[in-house]
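Multiple structures are listed underneath, in structure tokens.
In what follows, chain A forms one complex with chain B and a second complex with chain C.
Here is the complex of A and B:
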């Protein structure tokens, strides 16, 4: 029998078995204690496995990464270098370029996904084939990032002028006797970056749309009728009633998209690998780590990314809790 | 302020055959308080929404004042509506809710503040102007919804069961407040309810609907005294009228061995032998068992000012007749054997086959 199969079997049977034995064992142990102690200790015993896993796989690596970010590149005998890695990050043109691109990603991806998601959700709400339209727009999110990137590689494909254009966009441009445009190879005006952001928008608009659409359905139709009777036209109904009521939802969607934009990696890695001024922080980190072997710098980049995400995450969780409290 | 006219107004919901409102003809006078009443599914709310412009008019026309509003958008109809669940904008304060229409109409800020304040004073809402609806009680929310309507000084008020979300005590108090407010403002009002007590107490006139068809529209007094058919007779009044199906013979209507004479016009109007005898609980005289229809008292409901006796007549043990003894009579007790005589002036006669009232 294939040894991998045996391993899989071990995992499928072994992991639950260990958990059951753990629970049974701990219950036996605290059975000895008095009722008062039992009540105090039991929650901790139940939490222990989860805390253990989180500590081992999340907290420990995070601390290690922070420590490592103050050390040099050498893998075996790292030296303390103080803030040198951070100094590099905030002074080198490649790192700052990546930072600028991430800002572009945050602004554009958020603006267009939330904007388009809202627009589509509102428009689709009024048609009969709503579910079909929504499914089609949601579909890209179900495709793996890499596969989506490959699809867009064909969309953006560029052949020298005068030859037949196999890329969809340049093919269309050829019909109107324009182009071709080297979408992914033009650093000017950060065109290539915007082309990558467009892929992200294509993927994430469906997500924004579905969440916003659900919130839209939650608005009492009588409120909109009340506004109409109160003399508001459709435009005013939207901006004065619908939009403010979607506020909390839009905030949650926007922060989720911002975090996605900060972590952008797959699309860049697959389509341009950071060339033509498309570098982003996450791809820079991978490069420093596995291409240049500079563990110190890679760790510093990771820490910067972490610090950037934490406040947004905190905001998102607070928002979410506030919403839950309202329900 | 204006007259409202429904002219053969019909609404057929897409995908259905029978109209929700069928060829409604109704004229509401300037300044009148008109109540639309009926059981659920009677089309009363649909009729109101047609007037608001929230529901399409498939046939017929609707006029507000002299203007044909059949195809006018809700925002241009100059009407104010109070919704059943109030439909307050949750993200706005009470003041913003009340002033929403004025803000949409781009009135000057000072004027908005002035008019909102006036409306708030009228409704005792002044201390709550800066609160959001979520922090108000049910009664306060109801008043904000009222405030949003009166601040507009519209041609017509529309109210869709505005009291149904209040508790019983508050409902009675608010009922009077709304009615007196309407008299004071003199704005034509169309009020929808399923509660016939509300209809009777509030309306100048009441329109009774059933299955999308207008049954009768008149003052509460006339509806109560001369219901046009069995449905209206049973619907208006609480506890409801005793309706006893019986037959007619040469002498007149036969009821438990007694004969109620029929006039020649009544006899001519009959389409069959069946007649339904209607007597309200207060229309019976209680006499000794051998003088009237013999019956046994099953239950007595004592309400303080009134009491109702649920009585089973000997001729039909499956029937219950509700009797309200008048103050001159002694209240019977459970198990008492009594005799019942319908007072001639309290007798309503209907054709059983058609349900229509026989001419007096």
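Here is the complex of A and C:
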């Protein structure tokens, strides 16, 4: 305990100190060079720590994973197997089921978080207790997905019919003499997957709402008033003026949510671990890695995930460049 | 009457401060006031419907959390026999034994301390590394600057999963797996793209004239960084620190991979709870208390620093 505390203290004070000394020291060292060389070298010295971390933790391992995905499962001396791992992915029913679930996650999570986020942002803009309402909706975002999963384990709890229900949802159903429903254990119609997506919606709607709300407050009220003076009703004002102006913001929120949906792991891992047809790509990868010990297949799954994200990455970069052009 | 009309305007103005971009666009207050009577002219039924809808949404969002909170104080014998809502009516049976149990026997106290040990250094290191890089991207000229920054923006979305296997192998070779140092380094790497992006957006949008006059007066980049850029960017640093802290505190995957497999003594709360869920299906009384313990710190951070938190989200996603 004590030694760990000391190490942590050393790191918290030591690392910033080393970085500051590094910057200060290199400034001294390049001081002997001419002004032209100083100006050329200095930016790279300032960037070096960041580039080092990014290269080591993101660029290099991504390339390694892509290479590894063409090799077999044996960890010490992997053999080249060509596209076998990808062939497995696109023919095995469990992997394709995971892919389908991720598509469900993307479509439903994006639709509901952005839709609800927009609706709530518009509604709370008109009430006096706006900040309280926003805090409540936003709160799940601050807690871990693991804690959220435990919270929803209590919501979805299922007891056999005839016994008192302890889960909130089945308790409600009991009031209207319906149910009980085994929310997380029913693969039919992918009910369990939808139940997991609902947890995601509960967590991420606050994120969409906060950003949309900020954009909403940025719209010039004179514009809305002008539309009203011209005889537009509230409905028309929203769909013809407010909504188009929110367009770029909604796109940004949607892309972030899509990436979240693609990477979904914690909720599935904690609540069902992929059982009852709830498997997703990220959880499948961890299973291939540690349950089946097949690093080749696990790498291939990770590369599929990466490929799915590339279009979003391209969109992000294009949007960023457009923004830079405005600056 | 006047006060009743004015109050929502004040709330709205307070909410606007988080995003500096929106503040510029903020309408002059009188216009807002002029709008209000028009709204209140709308039928009383519509207002009632609005309040019902907002209240319903609030209830739906808060009930799951309240359910967990109430459950965590109920005796274990009653948890499996009746729903948490029955505890809200007399006779009241509340107990602290779940918390005592989970802290002493299940090693949650240790996991809580582990989470702190992991989260604090993993917040401090990327902050400093990113600050220097963000300054270089903002106020230094060099060939390939824009291209390099675009690469950083691209790295923002690279899934952690694609990096796990090679890094795990390297960490295993170096004997780092299971040690805190492994997660500190990993979280620094994974958090950097967002940190550099957010800080460069903020530092890059500071007034150019301030920096130019400093350079004319003979200030070096080191001076400009410590005397101008850092003090002027405190809100951005605060937002980023909260973000990174919550991200690391709430992380499961990184801890599970780099620590979990070799040293369960060093696991943070999230991973310990996930293990608890998998190992004891019926241990509800422990689960509820453990989950609430893990939420306590993020909730405190959230309520104390909500404004910075929101600013970080809005600034990172929209302002650009």
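Please note the rule applied: the second predicted complex is superposed on the first by the 317 of 327 C-alpha atoms of A that agree within 3 Å, B and C clash if a C-alpha of one lies under 4 Å from a C-alpha of the other, contacts with A are read in each partner's own complex, and residues count from 1 in each chain.
Keep in mind that, in the parts below, a residue touches a chain if its C-beta (ideal position, glycine included) is under 8 Å from a C-beta of that chain, and two chains touch if they have at least 3 such contacts.
Not measured: the values here are computed from a predicted model.
Once the two complexes are overlaid on the shared chain, A:36 sits clear of chain B and of chain C alike. Once the two complexes are overlaid on the shared chain, A:46 sits against chain C while remaining clear of chain B. Contact with chain B, but none with chain C, is seen for A:229 once the two complexes are overlaid on the shared chain. By the touch criterion defined above, A:269 reaches chain C but does not reach chain B. When the two complexes are overlaid on their common chain A, residue A:303 makes contact with chain C while staying clear of chain B. Shared-chain residue A:177: touches no atom of chain B or chain C. Counting the residues of chain A that each partner touches, chain B and chain C differ, and the larger count belongs to C.
When the two complexes are overlaid on their common chain A, residue A:220 makes contact with chain B and with chain C alike.
Contacts of chain A with chain B, set against its contacts with chain C after fitting on chain A, overlap at residues 220, 222, 225, 228.
Across the complex, chain A is touched by residues 52-54, 73-77, 79-81, 83-85, 87, 89-91, 100-101, 104-105, 148, 152, 158 of chain B. Residues of chain A that touch chain C in their complex: 1, 4-5, 7-8, 11-12, 15-16, 19-20, 23-24, 27, 39-40, 42-44, 46-47, 49-51, 53-54, 56-62, 64-66, 68, 120, 123-140, 142-147, 149-155, 164-168, 171, 202, 205, 207, 210-211, 213-215, 217-222, 225, 228, 234, 249, 252-253, 256, 259, 262-263, 265-266, 269-271, 273, 282, 285-286, 289-290, 295, 298-299, 301-303, 305-306, 309, 312-313, 316-317, 319-321, 323-324, 327. By the touch rule above, chain A contacts chain B in their complex via residues 220, 222-223, 225-233, 236, 240-241, 244-245, 247.
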